[in-house]
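Alright, structures below, take your time with them.
Presented sequentially are two complexes of subunit A, the first with subunit B as partner and the second with subunit C.
What follows is the complex of A and B.
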């Protein structure tokens, strides 16, 4: 549809991805990764997936960058060495073969928005109502909500969203349990360091 | 962080920007029925407005806005709100998370009821995402903040 825009975004995205690998400084690569996320968000928007693009822009380009930079500052950084130049040709060959395999596989995919694919048939191959076309036709009558994506996320697929929230909560609780030190451990550490200083 | 350079420009810009990000996050949560966005995106924006103040002004000033101990309870409250919407439907005789049975508001039935319970769910998701993102940030930097306090 907007192929000029998409190609421009993809060229910038590949450049940002290559920069984040090629640069020596970890901070630079963190920043270029957020740039890559933002370009991906823009290309999602050109494909019409505005909700996904919004999520990618907020999470990938906003919060993830902060967390990566904190992780870089909190961990020790070994000086980057030029290593791994041994099987260079073999590595490049494997990379190109894998890329060729992916491109070959992508030629079998249907075009975006193609109405003749089995995914968009109604009724589906099993003879039942196709879920996607049911959502498109009935979302507004069922829930009086114009944004179809919200209806699918919170109503039709409420179980999935609940599971997603529980996963996020589990991640937060794991960070809490692993990283937040208790008062007893703090006291023990202080006593140990006092003994050491004496 | 290793050392914090006090830059008045960064502090003032983030002080001006942060309330607008927070307002836009609340708008994204509340307007998720009509425009792109919803609980997850709005919650992440609310969290990033808190994190902006935390990064620039330090935790001592930022804790006046959002205490370090609030993150995890807020996340649990959000997930419980989501779960509670499902349980209300069970109490009124429907299936879990079947919004047709969310009969807490008298006089509202059918599609409007589903729309309302979607709003409650979005608020729950937003609170959970905001609380948990802020709490992960605080947990990661907890050691440094403690050293600052000593």
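What follows is the complex of A and C.
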């Protein structure tokens, strides 16, 4: 909504992202990634997505940072980064092609911020009511909740949210099953490490 | 100038996508690769949020001062909802990635990609 502010935040964000990739220490990397997530949360709020910004600040910045730091400490001393990977030229070519293709594609996108883009246009290309326009016009009437994003999340697209909860449950179960240590497994690990040391 | 104002956010998003992709394919440490994946994902979320913007519109919360009939008054709420789901699911899958990472470290005692490939061939 304010392009000067948006550009400033995005420049900071790109810098933070680059720092978190370029730094050698993994812990610095995790902290810089948290900074990046907070800057992204601020940009979301600047672009009018206050719910997304709130979620990104809590979940993206907070929980992701904690996950990474736990993983770093669980894996003993982070090994110093060794540089040099194989197929450097081929990978660079892929990266360059990917970037060129994206920039070429971005020139074909309609100007953002325009209320007449296909995303916001009413009626939609298929001749029906645009979903977003329908939600804006009827959300307050249907659910008596002023926040449209909440109404879409919980009422219009409740099954989407149910699916999301199922994914989270599955992810939690997988983490538990992968990380749990039974007595049998501990025995096996010890035997294996004995063999490893001999 | 209109073209620049309508597209600068996309170019920043492309820069972020390339940083994330660079980390995924060039970095040898698996933690760094997952950090790259996280940056890639955040930039896609930024793309959806950025394309939902309408200039001179308010946030998608009902305000009696702005009539609902004129949809240009409110920013498109649908991409916001979808990305809300994507952020939470993304963090859940990131948790699974780190659980797998810890298990890999327990088995092979290394997180370096090249060393891991060597170890896997040895076993």
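Criterion: the second predicted complex is superposed on the first by the 160 of 198 C-alpha atoms of A that agree within 3 Å, B and C clash if a C-alpha of one lies under 4 Å from a C-alpha of the other, contacts with A are read in each partner's own complex, and residues count from 1 in each chain.
Basically, contacts are C-beta pairs under 8 Å (C-beta built on N, C-alpha and C of every residue); 3 or more make two chains touch, one makes a residue touch a chain.
Bear in mind that the values here come from a model prediction, so they are computed numbers and not experimental data.
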{"item": "When subunit B and subunit C are modelled together on subunit A, clash or fit", "value": "fit"}
{"item": "Subunit B or subunit C, by number of subunit A residues touched", "value": "C"}
{"item": "Which of subunit B and subunit C A:143 touches, first, second, both or neither", "value": "first"}
{"item": "Touching partner for A:113 - first (subunit B), second (subunit C), both, neither", "value": "second"}
{"item": "First (subunit B), second (subunit C), both or neither touched by A:159", "value": "first"}
{"item": "Partner chain(s) touched by A:123 [first = subunit B, second = subunit C, both, neither]", "value": "neither"}
{"item": "Which of subunit B and subunit C A:59 touches, first, second, both or neither", "value": "both"}
{"item": "Which of subunit B and subunit C A:3 touches, first, second, both or neither", "value": "second"}
{"item": "Nearest-approach distance, in Å, of subunit C Cα atoms to those of subunit B in the combined model", "value": "7"}
{"item": "Touching both subunit B and subunit C, residues of subunit A", "value": "50-51, 55, 59, 63, 67, 70-71, 74, 146-147, 149, 153, 161, 168, 171-172, 175, 178-179"}
{"item": "Of subunit C, residues touching subunit A in the complex", "value": "2-3, 5-12, 14-23, 25-29, 31-32, 34-36, 38-39, 42, 45-46, 49-63, 68-69, 71-72, 74-85, 87-96, 98-103, 105-106, 110-114"}
{"item": "Contacting residues of subunit B [partner subunit A, same complex]", "value": "1-2, 32-41, 44-45, 47-48, 51, 55, 71-72, 75-76, 78-79, 82-83, 86, 97, 99, 111-112, 114-115, 117-118, 121-122, 124-125, 128-129, 131-133, 135-137, 139-143, 146"}
{"item": "Subunit B-touching residues of subunit A, taken from the complex the two chains share", "value": "50-51, 53-55, 58-59, 62-63, 66-67, 70-71, 73-74, 141-147, 149-151, 153-155, 158-159, 161-162, 165-166, 168-169, 171-173, 175-176, 178-181, 186"}
{"item": "Residues of subunit A that touch subunit C when the two form their complex", "value": "1, 3, 6-7, 10-11, 13-14, 17-18, 20-21, 26, 29-30, 33, 36-37, 40, 43-44, 47-52, 55-56, 59-60, 63-64, 67-68, 70-72, 74-76, 78-79, 81-83, 85-86, 88, 91, 94-95, 98-99, 102-103, 106-107, 109-115, 117, 119-120, 122, 130-133, 135-137, 139-140, 146-149, 152-153, 157, 160-161, 164, 167-168, 171-172, 174-175, 178-179, 189"}
